[in-house]
Every structure is written in C-alpha cells, then in structure tokens.
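One structure, pasted below without further comment.
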Amino acid sequence: MEIKKIEKTFDGLRLLVAIAISILFMLIVITAVSGSPMASLGTFLFGPFQSVSRIGNIIELAIPLTFTGLAICIMFEANQINCAVEGSFFMGAVIATAVSVFLPLPFGIHQLVIFLASGVIGGLICLVPAILKVKFQANELVSSLMLNYIVLYSGLFIVNRFLVDSQAGYFASYSISRSSKLPPIVPHTRIHFGIVIAVLCVIFIYLVMYRTRLGYAIRMAGKNENFARYTGISVLTVIFASQAIGGFIGGMAGSIEILGMYRRFQYTASPQYGFDGIIIATLADYKPQMIPVAALFLAYIRIGSDILSRTTDVPVEIVSVVQAIAVLFVASKLFLNKYKQWAIVRAAKTKEA
Amino acid sequence: GTKADSTAAGSSAPSAADTPAAGDKTEEKGLKVALLINGVLGDQSYYDSAAAGMEAIKESYGCETKIVEMGSDATKYEPTITEYSESGDWDIIILCTNTLKEILQEIAQDYPDQKYILFGARADYENFNMSNVYTVDYLANEGAYLAGVVAAGLTTSKAEGMNEEKVIGFVGGQDVTVINDFLIGFIEGAKSVDSDIKVITSYVGDYVNTGKGKELALTQIQQGADVIFQCAGGAGTGVFEAASEKGVLAIGCDADQYEVLKSMDDPLADVIATSVMKRVGVSIERAVGMAIDGTLPYGSFELVGVKENVTGIAVNDNYKTIVPDEIVASEEQAEKAIVDGTIKVSTALGMTTEEVSEIRNSVKP
Amino acid sequence: MEAVIRGVFSAAFLYSALRVTTPILFAALGGAVAKKAGVTNIGLEGTMLASALAGVVGSAYTQSLLIGALCGIATGLLISGLLAYFAIKLKAEIFLTGLMMNMIASGATVFIMYMLTKDKGTTTKLKSLVFPQVPLPLIKDIPFVGEVVSNHNILTYLAFLSVALVWFFINRTKLGIRIRAVGENPKAAESVGINIIKTQVTALLICGFLASLGGMYLSMGYVSWFSRDMTAGRGFTAVAAQYLGRANAGGTLMASLVFGTADALANVLQSLRVPAEFVQMIPYAATLLGLVFYSVNAKRIRRLKKLAK
Amino acid sequence: MDNTNILEMRNITKVYPTGLVANNHVDFSLRKGEIHALAGENGAGKTTLMKVLFGLEKPDEGEIILSGASVSIHNPIDAIHKGIGMVHQHFMLIPSLTVAENIVLGDEPGKYGVLDNRMASEMARTIGQKYNMNVDPEDVVADLPVGIRQKVEILKALHKGADILILDEPTAVLTPQETKELFAELKGLRDKGHTIVFISHKLNEVKELCDRITILRDGKDVGVYDVKDVSEQKISSLMVGRNLEVNTQKDPVEPGRIVLDVRNLNKENESGRQVLHDINFQIRAGEIVGIAAVEGNGQKELSEITAGLEGFSEGDITVSGTSIKNKTIKEIRGMGVSHVPEDRVAVGLVGDASVSDNLITYVYDKKEYSSHGLLDRKKIAGYARDLREKFLVKSKDGTEAVRMLSGGNMQKVVVAREFSTNPQLIILNQPTRGIDVGATEFVRQKVLELRSRGSAVLLVSADLNELFELSDRLMVMFDGRITADIKDVGQVTENELGEYMLGLKKQEGM
C-alpha cells in the first residue's frame, strides 16, 4: 500500500509541476509581450472565476469535452486508436440540425429523437474504421483520419444543400427550432441541460467499463487480443460495441452542443472536439470518473487565455502551446521518475529494516 | 479616379468624415471604441480592413480603440459581447457580419444605453427594439459586377497575357453565400460584356490553404482562364502566385490588394489588374465620425455600394497600365448605370443553393 | 467535361501531380524512417508547419536561401527533438505527443508571425526567398516527358532522389540496420549494446529533417510566403502514405504518388458540375480506398503464393 | 580453473518501481573458467541480478568488481566492452535480419557507415567455425528453428568478445538432443577459458554441467556451493527453504468413457504446408495422454486445434460425442474444454490487468455473479480470493497487475483459472516451462487432482521428466504424424523416446 501511496503522490505532484511549468511558460510569454506581466498572469489565472457567467463559460465548454473524452476513453480502452469521434461529432451536429429543422415534435420528445438520430449516425461513422479493420486489416488510425475529411465534406454538403438559410447572410442553417433546444438550467449562464446528460454519461460509461460483462471484455481484449481470442471473449463484439458506443456518444455530443449552445448550425470546419477528447482521456488516465475533471481543467485554461487575449495584447494562439506543454508533462510517464524511484527505494528500505 | 481614394465620401450619406481632419479632432479625446470580430486578423481583406479603419479612428478622432479577435468558436461570441456590453467601459461597440447580428439583436435590448455599430449585416429592426444600433451593409455584388466587366473585357482583348479563349476564372474560399455574392455579380458583369463568356469556378475549401489556391488557379489557367478573380482570403495569395508564374492576370478582393502588396514591395502586385473593394474600414470610420458629430442614425440600416463609393473596383496605377482604354470606358459606363439604377445586380443573398449552382453551371466551359 | 479530359491527359496535369506529391513525399519518407525505428510520428503536420515558417523568416532576415533553409531544417529538428524528448525519453504516449506537437506548431507559428509582422494571416510582408526551379538539360527538350519532368522546383527533384537515399539508408547502412533492429525488437537491440533511445531519436531527427524540407517546399517553392495552417492536413496524409507504403521507400513513393495524383485530379474536376464538397473529398477517399485495395491485394498475393506451393 | 574471482558483485540491492525488492544485498562471484549455476525459485531475483550485471537494470545499492577493479556498468555497451555477454531466456534476435546481420549487430563491419555484408558473413562463419557451432550466415532468422536460434544467440555474445557468458534458462526450449549438444559446446567454451553463468530450473542439468552454484531465495543469496557437494534434494530445499517431495505420487485411476475423440485429422497451414497427417486417438476420462515431440512437429497445432484456436481441413474432433467443428471458442469452452497455452505472457494473461481480473474470465458472465444486470463485485472478488488462496498465488490483494508477478506466479494464475472450471477435457501446453521446482510440483499435483476427478488431460511438454511422471499414455509426434503410442510408460527408456522423436524410429503399424 505504501508504494501505491507514493505512486499516487507522485502522479499528483507530476500534475502540479506540469501545470506550474505551463504557467511559467505563460508568464515568460506574457512578460515578453505585455506591459504588465503580473496583472496579465492574474487575469489568466483568476479571470475565469471573476463572474458567474465566466464560471459558466468553463462549464459550458467542459460539456462537449466531457462527452468526447468519454467516447475516446471507451474506444481507446478497446485498443482501437480510432479518431473518427471527430467526424461523429460533426455529423451529429449536422443531423441534429436537420431533425430540429425539418421534423417538428413536442419539446422533450424532439430532443430524444435528435439524440437518438445523431447518436446512431455517430456510431455508424465510428464503425467504418472498425469494419475496415476487421474486413481489410486497414489501420484504424489512418482510415479514421481520412474518414474525418470525408465526413466533414459530406456534412458541409448536407448543410449547403438542404439546411442552409440563404436569408441568414452567412453560412448557417435555418434556426434550431424552439422545441428542440436544450434549455439553460443555471441563471446568468448558458449552462444547459446537457450537463445533466454529461453526468449521466460519465456514470454510464463507468458502469459499462467496470460493472458489466461488456466492459470486462473491452478491458481485457483491449489489453491483450490474443488472450481474448484464447478465452473465448469475442473480439469482434468488443471492437464493434466499443466503437459504436463511443461513436454514439460523439454523435450525441454534437447534437447536444448544437441544441444547447447554438442558434443555427454554423461550423465551416470541424471544431476539433474529437481530438480534444484524446487530450482529455489521456489527462484522465482513461478513468471515466476523472474525465469531467480533466475537461474542466482544459476548459479553464482555455477560458483563461481567452480572457487574457481579450483584455491584453497576448495573442490567443499561445494558449495551444500552453495546453500542449501541460498535457505533455502530465502524459510523460518518466517525468520526475528519478525522485519517485528514490522515494520508493527509501520506503522499501525502511520496511525491510 | 475618385474610386481609388481611400476616403469615404458617399454622395448621399451625411458626410462628416469625408475630409480627413486629423488635427482638429484629437482634442475630443475620450471616445472609447471596441471592435469585436468573429475571426482573427490577418486575412488581408475584411477584418484587416476593419482594423485599418480602427487605426484611422484612433488617428483621426483620437479615440481609444481596441480590437478583440473572438476566433472561430461561435460559442464564445455571446459571452464576449455580453461582457463588453456589461462593462460599460466602451462608448461604442462595433460588431460585424450576420453571425453576430443575431446575438446582438438579443443583447442590444438588454443594454439600451450602450451604442453599437454593426457592419456587414442588416439588423431586424421590426422585430427587435434596437434603437441603439446602427447597421450598415455592403453591395459586394456591385463591385464584383464591375470586376466581371473588366475581366470579360480583358479576356476578349489583345492585352498582354490574354489568350484566344473567352474563359475567366473564380477561386472562392468556400461555397457559401458571402463568397457566392461576389461570384453572382462577377458572372453577371462578365456576361454583360459577352454572353458567351465562360467562368470556371473552384473553391479551396477553406481560407488558409495557399498551396491549394495556387494549384486551383494553375488548373484554371491550364483550362484557358486568363483573368482570375480570387475571393479566398489568405488562400487567395496562391492565385496571384499562379498568375504571376503563368503570365496571366488576377483580381483581388475586399481591399486594394495591389496597393497592399506594392507597399510591401511584393512583385506579385503586378498581376493584380484590380481588386473588388469593400471599404469596410472606411465605412466604420465614417460611422464613428458621424457618431462623434451626433449625426449617426442609430436605430436604422444603411445599404452602401458603388453609389456610396464603399464598394467598387480599385483604380490604381496598375489598373491604368494594364487595362486598355476601351475597357476602362465600358467599366465606367457600367458604374454609372449602377449608380443611376439602370443596372440592378443580382445578389446571392436569398438565393437557394440550387439557384446559385444553376447560374454557376450555366457558364462553366 | 472535354476540358477535364483534356486536362487529365495533359503534360501539365502530370507535372502538377508531381508538384503536389512533393511535400507529401518528403514527409511520408520521414514518417517511414521513424516508423522503421518503431515510432509512428503523427506530428509530421506540425513539423512541416514550423519549418515552413522558419525557412521564410530565416531567408527573409538574412536574404540568404542557404541560411533560410538551415533555419527551416533546424526547426524541423527541434520539433522532432521535442517529440523525441517527450515520447522517447519521458515515455509519453507517442500518438498524443505527435498531436501536441501539431498543436504547438499551429499556435506558435501564428504567435511568432504576429510578433514579427503584426499579421496573423500570411508573411507576405517579409521578403523571403524561394528555392529555384531547375530545367533539366537534355530532358527538357524531349516533348511531353520534358514538360512533365523538367522545370520542377529543386526540392521536387530532391524529394524523388530521397526515395533512393532512404532506401539505401535503411537497407544498406549500419545505422539503417540498427534502426530496423530497434523497430522490430527493441529489447534485442538493447541487449547487443544498441542505445534504443539514441537510435530512435536519430530516426526521428532524420524524419524531422525530411519533413522540414516538405514544409519549406510549401512556403519557399510552392508559394513564396508562409500562411497560417498552410500544411492543411498534408502531414496526416503523409502518415497515411507511409502506412500504405508499409514504411518502405518504394511503397511510400507509390502511395504518395497516388495521393498526389488524386489531389491534382480533384483540382481539375472542380470545373465539373459536381458539388465542390465531393470533389474535395477525392484525395481522402482515394487514400481510404487505397487502404482497402492494398489489403485485398495482399490477400490475393497470399492465395497465389499458396497455390504456387 | 584457478580460485581467484574475476567478477564480484557485492551487496547488490535492486528495488523495482513497484516497490518490490528483487535483490536484497546479494553477493555473487565468479571464478575464471567455471560454469556457475544460479538457482532459485521463480521471482527469486536471478534474472534481475544478471540484468544488473549486464547493465539492463540500475542497482540501487552495491558495487561490481571486475578483475579486481570496481566498475560501473550503465548499459549493455559497458557490459559488452568489459567482456560480458548475455543470452536471454527469450530470444533477442531480429527476425527480419540474417544470421550474419544479427551476429554483428551493435558492432557492424564496414566503412563510411555502410554495412559490409560480405565481411559480416565472413565474420559470422569464422566465429561459428571457431566454436564449432555451424550456422549459415545468409539464413534469415525468421526461418530458423529454435535450436539454431539458440546457437546464434551464443555466437552473438561470443562475437562481441564475451569472456563471461550469462545464459538465462537456455534449455527451456530445447529438446534433449539439443540440450546435449549445447552442453558439449558450453564445456568447450569453458575449456577455452570462458566463464559461464547458467540459470536453470532443471537441477539435473545443473548437476551435470556446473562447477559451482549460487542459490537465491526471496531476493537474498543463501550461499555458494560446489555442485559436487550438494544433492538435488539439498539444492531445492535451499531454494525454497523447506524440504520438497520431488517425486510425484500418482494414484491409480481407472479410465472411464471416451472424452476426446480425434479422427483422421488433417491440417494445412497458411502457407499450404501439411502440418498434421491423419491423426487418430482418444483420451478417456481420468486419463493423461502425453505428447512428446521436438518443437515444430505438429504438437502445437494439435493442441491449438483441439482447443478451438485454429480450424482444420479434414477429419473431426469430438468432445464427449459433440463435434467441435465450426464452433466458437466460447462454445467449445462451454462443452467443458480448458486450455493452458504455451505462452502465458502473450496469450494466457493480460499483463496490465489485475490478478483478480485475470482469474474471473470464466465466471464474470455467469448469472450468479451479477445482480441487477451489473457485475456483483463482492462475489467476484470473493471468487478471485478463493482461487488465489487455493492455488497459492503470491499476491497482496489481487489488485496489482499480473505483469508484476514472477513467472511461476503468473503460471499459477493461468492454472488456477483453467483448472477451476471443472473441465471434462484439459489441454496443457508446456504447463511448467520456466517455473521453479516448487511451482512445478504444485502444478503437477493439481494436474493429478484433475485426473482423479475424471478429467481427460492432453499434455504437451518439452520436459521429458514431466511426461514420464504424469502421463498414463505417451504418444510421439514426428513431422505431423503420430509415430508411436506407448501404452505402458514405464516400459520405454528416454533414449528410445528420443529416437522416436527424431524420426529415427517408428512404432509398428503407425
């Protein structure tokens, strides 16, 4: 137990040091660019908490990140490096718009139908690389990267052809119908009902992964496919089910984002939440229960740097560098390893003695 | 050559800023103006032009200015605009495009004391109480029409670099309404010169892929195009490169791109026969000037185009050297016709996707 | 339609296919070298992007093409080195590290460009240099062939030459054998005294070098400036090409050519009456089909082999 | 042999990141020109100690003294420079390279960074001739049988100038004949002045080959002995710290009904080679049928086909009268078939999953282990705990990853899982490979327990002792055919069996 504690401590420490390094980097950049570095740093760090609506912004942004993080979590746990969640999210948003605009339904039912439709389409998209892998041994990472472009252009085609509101004056669909919106649930923010679904999804994925047969099969087959074959766990089921579930969540996430945060569909490029999901899942160490925490963290530094760039001269682009640095150090398994080894040796020795 | 002037002097619009009066306005310090854009700077056209307008406001009226790039994530727009409105620090908040219009329509009612200028859109004054918002939009199609006249004139002429075929090209960023508004005007203008003219249309797919922009232009040139109009933001620079490589001509967009490139000593400038201008910056400067004078009609909408000298084509040294006199003459004639209303240029605003693609396909080679 | 057919069967089309292939080929070859050492480098996109800017900045400020090129290469090495540091030395997930490199490059290039030029779009303000186009003596006079093959950018020739160099390097040099050993069985390589980390880092640096040439081709050959995110997914395509080519020099060349041709074709097809979105899909769809076709073919070859026995 | 130490490892302590103290103040020394055995139970720390010596692991304490001088060995290059070579238990070869390339790897001949292939082949040939181990330098390693690969491994170390040669369980994958050949070669090396460290769990081999022995127990060294002074009995009791009953007690069991029935089985592999020819045999309930064969003669295919892992071209296999043809592995397992695979790490276990997760594979989908549609964690944990206790798996609480266990304990996890399903038929493939005496004895005991309970057992093993000890009937396979079916195991000598295995002899009517 001693050792486990040391590992936990060091994982925590690594997280803190990683964050400290990225903040230090931010400080250096700010100093180089801005006249009043300390004030700017304060804006970056504390700005996001300065008003209810800004805190709201963090949570609003964390919602889609949580979904795609969960999707990636279950897909990668099955050892399928499938990046098609990106496509699922985009197409989910497109389908959500289509159903919202063209299929009038009562409030409540409308949302359910949309979740289902975009979830299904998202699931189907993520199944494509899985099928290509099973049938043609095509590497799912490569095929999903290519697939994302195909999905993006197909989605744009659908919007352009069927959904675009030529009165809008910009590239946007008809307005999302009132009956399908996800209402805000916290006053003075735009935090919408999607957060409830996100929490439910976290619980759902946690239960699937650790309390169901499918989850057991996914975890075992994901770590050793030979083992699964040999013990009679169906690898096909694992691949298809994990990709379908992940894709479903990804697709549904697209619809929730559109219904909760947008008036009209207006993406002209993919918003990259699928790739963000990979960051989230890594930060959370593929633990479903940690996904929302990672999502909130990422959302926090993004909102912080947004505020920073709005109020100072620091260009917003720098945030991607800061994010990447934080993620890199957190993901570096051997970072601070020397000290960890030292602590472990010491602990082991005291136990011996 | 009044069109080449950078001052805005709309003949009908109430004019306060038509003479740049840098010196005597600086005393009136204190007006704080913020520009919130739903993108990032560096497109060398729309947003940059607006930014130049802000710079001019600072210079001319001594305003304190700020530009906020809200990026492409649409979920950030509403909180940012709200935050700026709430702070009360800014006398005027300037917003742009239809994307922000819908958000502003809701926010503006909540902050009746805050003044807004919205350009590049037409606000819905009937359904929303927006007495604190002034809106101005541009007739880009009119400028593009003139470019079409010039392009068609060139391709059928014996000017340098022009081939036998009556083919011109259009490279757009994306197949979307704002871009297609240029396209429709361009095609109409070209056809007014010669109804058999062919226009090859390609879209880059985004506004950044310069390589693709160049590749598409090269392909068009290979198919016989000798004047190519680019509306592809940053990717459009690739079109100039292709034109320069193959010895044909190009037409720029939004700003006078010849002058922009020339000022950087860029040899590419020479292939730019003219540019379709949308003098966004000028219209901002003009509006703020009117606001200072207290003459800005908040609560109303203005549509400005060739007539107001906000859109149009760039008549610069290069244009004068490259374009033969008879084409210059026919362009001037078309311009007059637009100003006096004898020519009504179609617009892509309100057209369905099919209608646009029908027009586009009808002139494909 | 006619125009399209004329377009596809012309020397200009083949010429443009080679031109479009160039940056992808460089990056894919780099990816192949890394892959041989057991590292899938998904950071090619970022490496290319960063080098594209560095080359422009370097050549603009020194007015020396050589120094510009060296700056670009150094930046490619730097990004690869960073990737190696985190992925190889600190054992961060390689796939994630690659994505992060892309993220860093995408943000940092705009940031630096803005610092230098106050412009976030392109560097046209900087007077940077370009690599020259070179007509091939003798060959240039052969009809058709000359039009296709001659008068390319010097980097295009270098890219195709690199195919042979990479082949020789991987199969015939000591370092190449070591790289293969490390990629195939790192523990075994380590047990004979090969430093796995050093070897993988070297492979990644070579990868960075090649990718940097691909990046500079974009900003200093293809066009003459840097613009934000100008790689536009070519790095990912290179990963696909490298995979399709099984990380072998020849295979990677073939795959890159397929993609380059599909891309050139898409440009020509834009003048057809097909929705632009579908045309834009072509290169990616072609790659996806390539993946499928490849496996079908591999299966057939296996069957034939079986019959032969 | 003189009595001066050429190598001393003093006070070596190695703590793994898991907190496990693998070497605890270990002293180890070598004399020039000796073959020195290193023995100990699974997880005693043998491999770790040698990895420290070869620079693959960094010790947390202690020093290494080579030829009288204190040295530090940071990595294998240092070790190689100092004349230390290591042959790992698992092959360390690059399959796609040739023998010559493998041998020179790390120290390749050639100018300007270009590999000189001719020179490499020449060097490989020369070194092979010098030590009388003939291999074709141009062969690609992927195509070679294990025996030859073992030689390549040794040549590789010798080529690098190893004076001290560490061999970590080199015989685990060899046939008796190959082992004999290896021993002759090792003795030859000793005579040429090389010093050899020999790790093995087979004490008879230690007795036959080695001069001295160092015994590790639980990470500590329990002493150095001259091999001629200690009996096998004594060695194993030193290893485990208690006395061991080495000879398995086998109760007579009356075989029952036919459980496994294999008829006219033929199999063609991927590349079209016929690997099994007309295999026919039965196994009855309560019967252990052993298969003896040199590696690559179809025994692996036979066991994998029977377990359902691979299909077959012709014939039929029935278990208790039901054919397994076109059945999924899950269905086959449902028919009461269990299987202990040859490779526990790659196939038999999920290294990154917990010990408990590795134990519950066959019960997690049973009704009684779920409630309300979710897995009942308490019940499952209880099941896993019972198994750990029953099969003496050394693990704290079952939550640590299986890869942290030693080889023997890993094998116990596999055995625990496979034996606890009440199998009608169990297929055992190398059930005790590379595990220590104690664990081996334990596993064999469990096999006999199954037999008493009426399971049919198909046993494939490279360990002839094991086959003799456990089998009620022995079959020999050669070139995909059954060449001998020995009903009375007591009647056949090891030598005779070897002749069948090598295809020198064939039983009448086979």
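We just call them A, B, C and D in the order they show up, numbering each chain from 1.
The criterion applied here is as follows: a contact is a pair of C-beta atoms (placed from the backbone, for glycine too) under 8 Å apart; a residue touches a chain by one contact, two chains touch by 3 or more.
These numbers were taken from a predicted model, which means no experiment stands behind them.
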item	value
Taking each chain's C-alpha mean as its centre, the one farthest from chain A	D
Between A-D and A-C, the pair with more C-beta contacts	A-C
Centroid distance [mean C-alpha coordinates] between chain C and chain A, Å	29
Euclidean distance of C-alpha centroids - chain C vs chain D, Å	45
Distance between the centres, which are taken as Cα means, of chain B and chain A, whole angstrom	37
Of all residues in chain B, the ones touching two or more other chains	40, 69, 175, 205-206
Residues of chain C engaged with two or more neighbouring chains	110, 114, 120, 275, 277, 280
Numbers and ranges of chain A residues touching at least 2 other chains	153, 160-161
Pairs of chains in contact (touch as defined earlier), listed by label	A-B, A-C, A-D, B-C, C-D
Chain A-touching residues of chain B, taken from the complex the two chains share	40, 68-69, 71-76, 78-80, 82-83, 97-99, 101-102, 121-122, 174-178, 205-206, 348-353
Complex contacts: residues of chain D adjacent to chain C	54, 56, 75-77, 79-80, 86, 88, 90-97, 101, 105-108, 110, 113-115, 156, 160, 270-273
Of chain C, residues touching chain B in the complex	2-3, 6-7, 10, 12-13, 16, 19-20, 23, 110, 113-114, 119-122, 124-125, 127, 218, 222-225, 227-230, 232, 263-264, 267-268, 270-271, 273, 275-277, 280
Residues of chain A defined as touching chain D within the complex	2-3, 6, 207, 210-213, 216, 219-220, 223-224, 226-227, 229-234, 337, 340-341, 344-345, 347-349, 352
Chain A to chain C touching residues, read off their complex	29, 33, 81, 132, 136-139, 141-143, 145-147, 149-150, 153-154, 156-157, 160-161, 275, 278-279, 282, 315, 317-321, 323-325, 327-328, 331-335
